[in-house]
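The same chain A turns up in both complexes below, where it pairs with chain B and then with chain C.
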Partner chain A sequence: MIRAAALLALGIATGSAGAGEHLLAGARLFRAERWAEALVEFRVAERLGDSAARGYAAATLVKLERPEQAVEEFEARGAPPPGRDPLLDYYRAVACHDARLYVRADRLLAGIGARTGPGIARLVADARAEIAAMLRGEPRRDAVEWYVARCEDLDRAGRRVLARAFCDEARGLGERRADRYGVREADAILAKLGPMAGAR
Partner chain B sequence: MIAASLAIALALGAPDPCAPVEVARAPDPGAAESYRAVGDAERAAGSHDTAAAAYRAALALDPADARSRAALALLCAEEARDGAFERGLRRMQAGDRRAAIVAFDEARAARADRSAALLEGICFYELGEDERARPLLSEAEADPAHRNAARLFLGLVALRAGRSADATALLEAAAADHRLGPAALDLARLARRDGRVVVSVLLDATFDSNVDLTPDRTADLTREGDASGGATVLLRVAPWGDSGPFVRGTAVLRNQARYDALDLGGGGVAAGWQAGRGGGYLLGEASWDYRELGGAPYLSAPRLLGAARLDGGHGRSVGVAYFARWESFLPASATAYSGLRHFAEADVTAELAPRTSGTLAWHGGHDATRDAALGWWEQGPRALLWLPLGRDARVGFELAYTWRTYSAFDAALGASRQDRFADLSTVLEQELGERWTLRAALGARKAFSNVPDFAYTRFVPMIGIAYTAGIL
Partner chain C sequence: MDRTFLFLTAVAALTLAAPTLADDATDTDANKAVDDALAEKAAPPATPPTLPSTASESAVNAHANIAFGKKGEEERIAHSHAGQHGGDAADDARADAANRAAQGAAASAAGAANGDAHAGAGQARAGTARASHSP
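Moving on, here comes the complex of A and B:
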């Protein structure tokens, strides 16, 4: 509820004329937990030129349990960069976590740090503890391989933003291994994929 | 537990595309166009719920928008399929797997749906119908989003079929998913210890505070303690896995430190058939056990056993077991103890949490010995609890109480004997590797009797190491 209220407040603050109306409607629907309708309003606001709507649409995709789409939205050109809004950074981290991009999620959560209130800070701490437990010990070779394979599958499907995120995750996991297994392979694919505007 | 999480993860709420659209007070065809564009984009991305919300908004603002109306009608038709999927999820979560299978089948009939295939496969697996589960799980495996979950269940299917190498490979592959990892790795370890041919060896060091109660029929008691070293070897062959015929051979050897006359040796063979697997099955077994005591023949005992377990869903099951054992004590001094022994038990078992299970049981028995004064009837409750201790260890506690009434007046004792037993045992199992387990146990019995000579307290601490491997 705190998060939805913050979103509502931000919607009012950043909205431009016509688009702002839809952004506000989206925020109200988000608060009412009517996620599908909220997403539609954010999409309309986006089409009408409100660039702020993309981040909120991505947050709504997290609520709709479409984490991979949410990651794509957060990473795409025009999305708010990490560090601007701790609330959106938190949703971005949740999207990564739910898409199984744990190293990336942890990086985002670490970046939120003390920039937020106690409610989000507690959620951040819990999420980081959960990820730390999950990533304890050296990652398995087949885990790294799974991320590389997923990256290649997504690349073939034309979802390059997400492909890059998965290769980046493979790289992050490989770097946690003493033999850096998979890092070179992930780097090679990342080089082929090229830099993405929203990728970090 | 995993199946339930998957079902919840796949469940999505959505606006109803079939519900009537309420027209806005102020129609706005221009705004409607924006909503329709969003609807088209969402639909193209496969997001039917948001597409439906967008088309509904478009129609509310422009009732004449034929494109939105047509798109919504199509979504409504697809809802029939999605409705079946949702219905399947609800039935699955309610534990009605048969109804869930019907709904998932309906969903898959409308179009290829690997989510439905995964959940239908899981339902079949949980019903023990592995042959029907396998093709569905293989279909789901083709979807990267479901690959690891499908491999986990394909691994479980292979495990139950006794294909331990396949099971290990599949479960280890499923462990690539961090969320499934711990469960998959535990199961992979189990797979290495399972198979069509399994060999198990247990070496132990034991102390018995009341050693001449072994066997516990001896009336001439010294109440001395003694240490012993034991070895037990077990070989089990089940060519078709869990469900089907099996044979088993065991060999036991126990050497006492002081009382050589109580050194125990022997073995046994068994053959049987289990129909069904997992939470529900029927089992019949015929076996024969032979024991020597102090190097001399002591006991020959053929046995017939029947058992059944009924799966109650949600990790709960009810089981019954019965055996009849024809015991022939071979030393002349012990032949009066020979006779037909019956034992029966009914239990309720529940998975209380991951790796935590509890059992409540009631047992009864009758020993129809040649000398009626040595025969008895008994009955009582038993409770068992298994708890995890970290990743690689677990601890079990068992409590039992038994009332035993002897069948006839014993002239030698000058009484009709009546005993009661309170038993407590605890066992700690620590996994040491893929196939090794350290086992430490403490058993305790307090025996009460109306004949004071038969009242005693007994402690049996044990430490042992077990090796178990699936050979094929």
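Moving on, here comes the complex of A and C:
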């Protein structure tokens, strides 16, 4: 009997590793700036069923300087929606910023508001001030054209989530012009792309 | 005999309940740990905002080609150490390997990630090189 109890106790102690252990490992590696290894841990946690892990993986992609992939990850089905976690919203905004999706980034940053601590709030304010300074005045036509062309390229490559983001950006920039240059063209492509699974 | 049966039943119940309770507690702690790490490492965007243009892109591409040439060299060096190739497919493959290993021992995940860490290091160095080429 004692032997059976001991074996069962051992079973308790060595229960299968859960997603939480991989999240903890990922957190430790993230803190140590070992981004690639942290990404693997978050991916494992995601596959073990942790619903938050996809957002953590996306944030890690930002650190790995893969912003377009991060945007796709943040906007995929199953990712935490904007507004749920201001910290992930900040990383998502940085992903958009680094992918040159400035109007989108600013929208996310505006949504963070006062829901964070002073450190993040300062980063948000600085980033918004820089974007506002850059967007002062009408965007040039060739900038709008660049976003439409990028959208079309991404659509052809089958990266529809990202294509949609770039067409949205072209639309946002076109609307800042008196002649709404590029808006109609962006709308036509967006209509063709249709609503996305993780559409925001 | 009855006491033995009761004892074993109680231990069995604990065996079933403990992992769930422990996982819940671990997940809460883990989510907080990740949130803390993300907050600690939050940084401003990598580059100042600049609207691209079809005219400026050729110049940007020229810089990018120079940087990617450098990056390619860095990554080749990194891969010669790692013996593996970084990127999405490698991430997934290593995640799969780690996932399988997680059933028995979580430690293999870190080992599986080793190659990606080398690739990541190469990428970071390439980033620095790219920054040094930026106007």
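Simple rule for what comes next: the second predicted complex is superposed on the first by the 183 of 200 C-alpha atoms of A that agree within 3 Å, B and C clash if a C-alpha of one lies under 4 Å from a C-alpha of the other, contacts with A are read in each partner's own complex, and residues count from 1 in each chain.
Note that a contact is a pair of C-beta atoms (placed from the backbone, for glycine too) under 8 Å apart; a residue touches a chain by one contact, two chains touch by 3 or more.
Everything numeric here is computed off the predicted structure, so don't read it as measured data.
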{"item": "Partner chain(s) touched by A:Y90 [first = chain B, second = chain C, both, neither]", "value": "second"}
{"item": "Which of chain B and chain C A:Y56 touches, first, second, both or neither", "value": "second"}
{"item": "Which of chain B and chain C A:E138 touches, first, second, both or neither", "value": "neither"}
{"item": "Which superposed partner A:L64 touches (first chain B, second chain C, both, neither)", "value": "both"}
{"item": "Which superposed partner A:R43 touches (first chain B, second chain C, both, neither)", "value": "both"}
{"item": "Greater residue coverage of chain A in the superposed arrangement, chain B or chain C", "value": "C"}
{"item": "First, second, both or neither for A:D153, with chain B first and chain C second", "value": "first"}
{"item": "Intersection of the chain A residues that touch chain B with those that touch chain C", "value": "35-37, 39-40, 43-44, 47-48, 64-65, 69, 100, 102, 134, 140, 142-143, 145-146, 149"}
{"item": "Residues on chain B engaged by chain A in the complex (per definition of touch)", "value": "9, 12-15, 31, 34-35, 37-39, 41-42, 45, 47, 49-50, 52-54, 57, 144, 148, 172-173, 175-179, 181"}
{"item": "Residues of chain A that touch chain C when the two form their complex", "value": "1, 4-5, 8-9, 11-12, 15-31, 33-37, 39-41, 43-45, 47-48, 50, 52, 56, 59, 63-65, 69, 85, 87-88, 90-91, 94, 97-98, 100, 102, 105, 117, 119-120, 123, 126-127, 130-131, 134, 139-140, 142-143, 145-147, 149, 173"}
{"item": "Residue ranges of chain A in contact with chain B within the complex", "value": "35-37, 39-40, 43-44, 47-48, 64-66, 69, 100, 102, 134-135, 140, 142-143, 145-146, 149-150, 153"}
{"item": "Sites on chain C touched by chain A in the complex", "value": "4, 7-8, 11-12, 14-15, 18-19, 22-23, 26-27, 29-31, 33-55, 57, 86, 88, 91-92, 94-95, 98-99, 102-103, 105-106, 109-110, 112-114, 116-117, 119-120, 123-124, 127"}
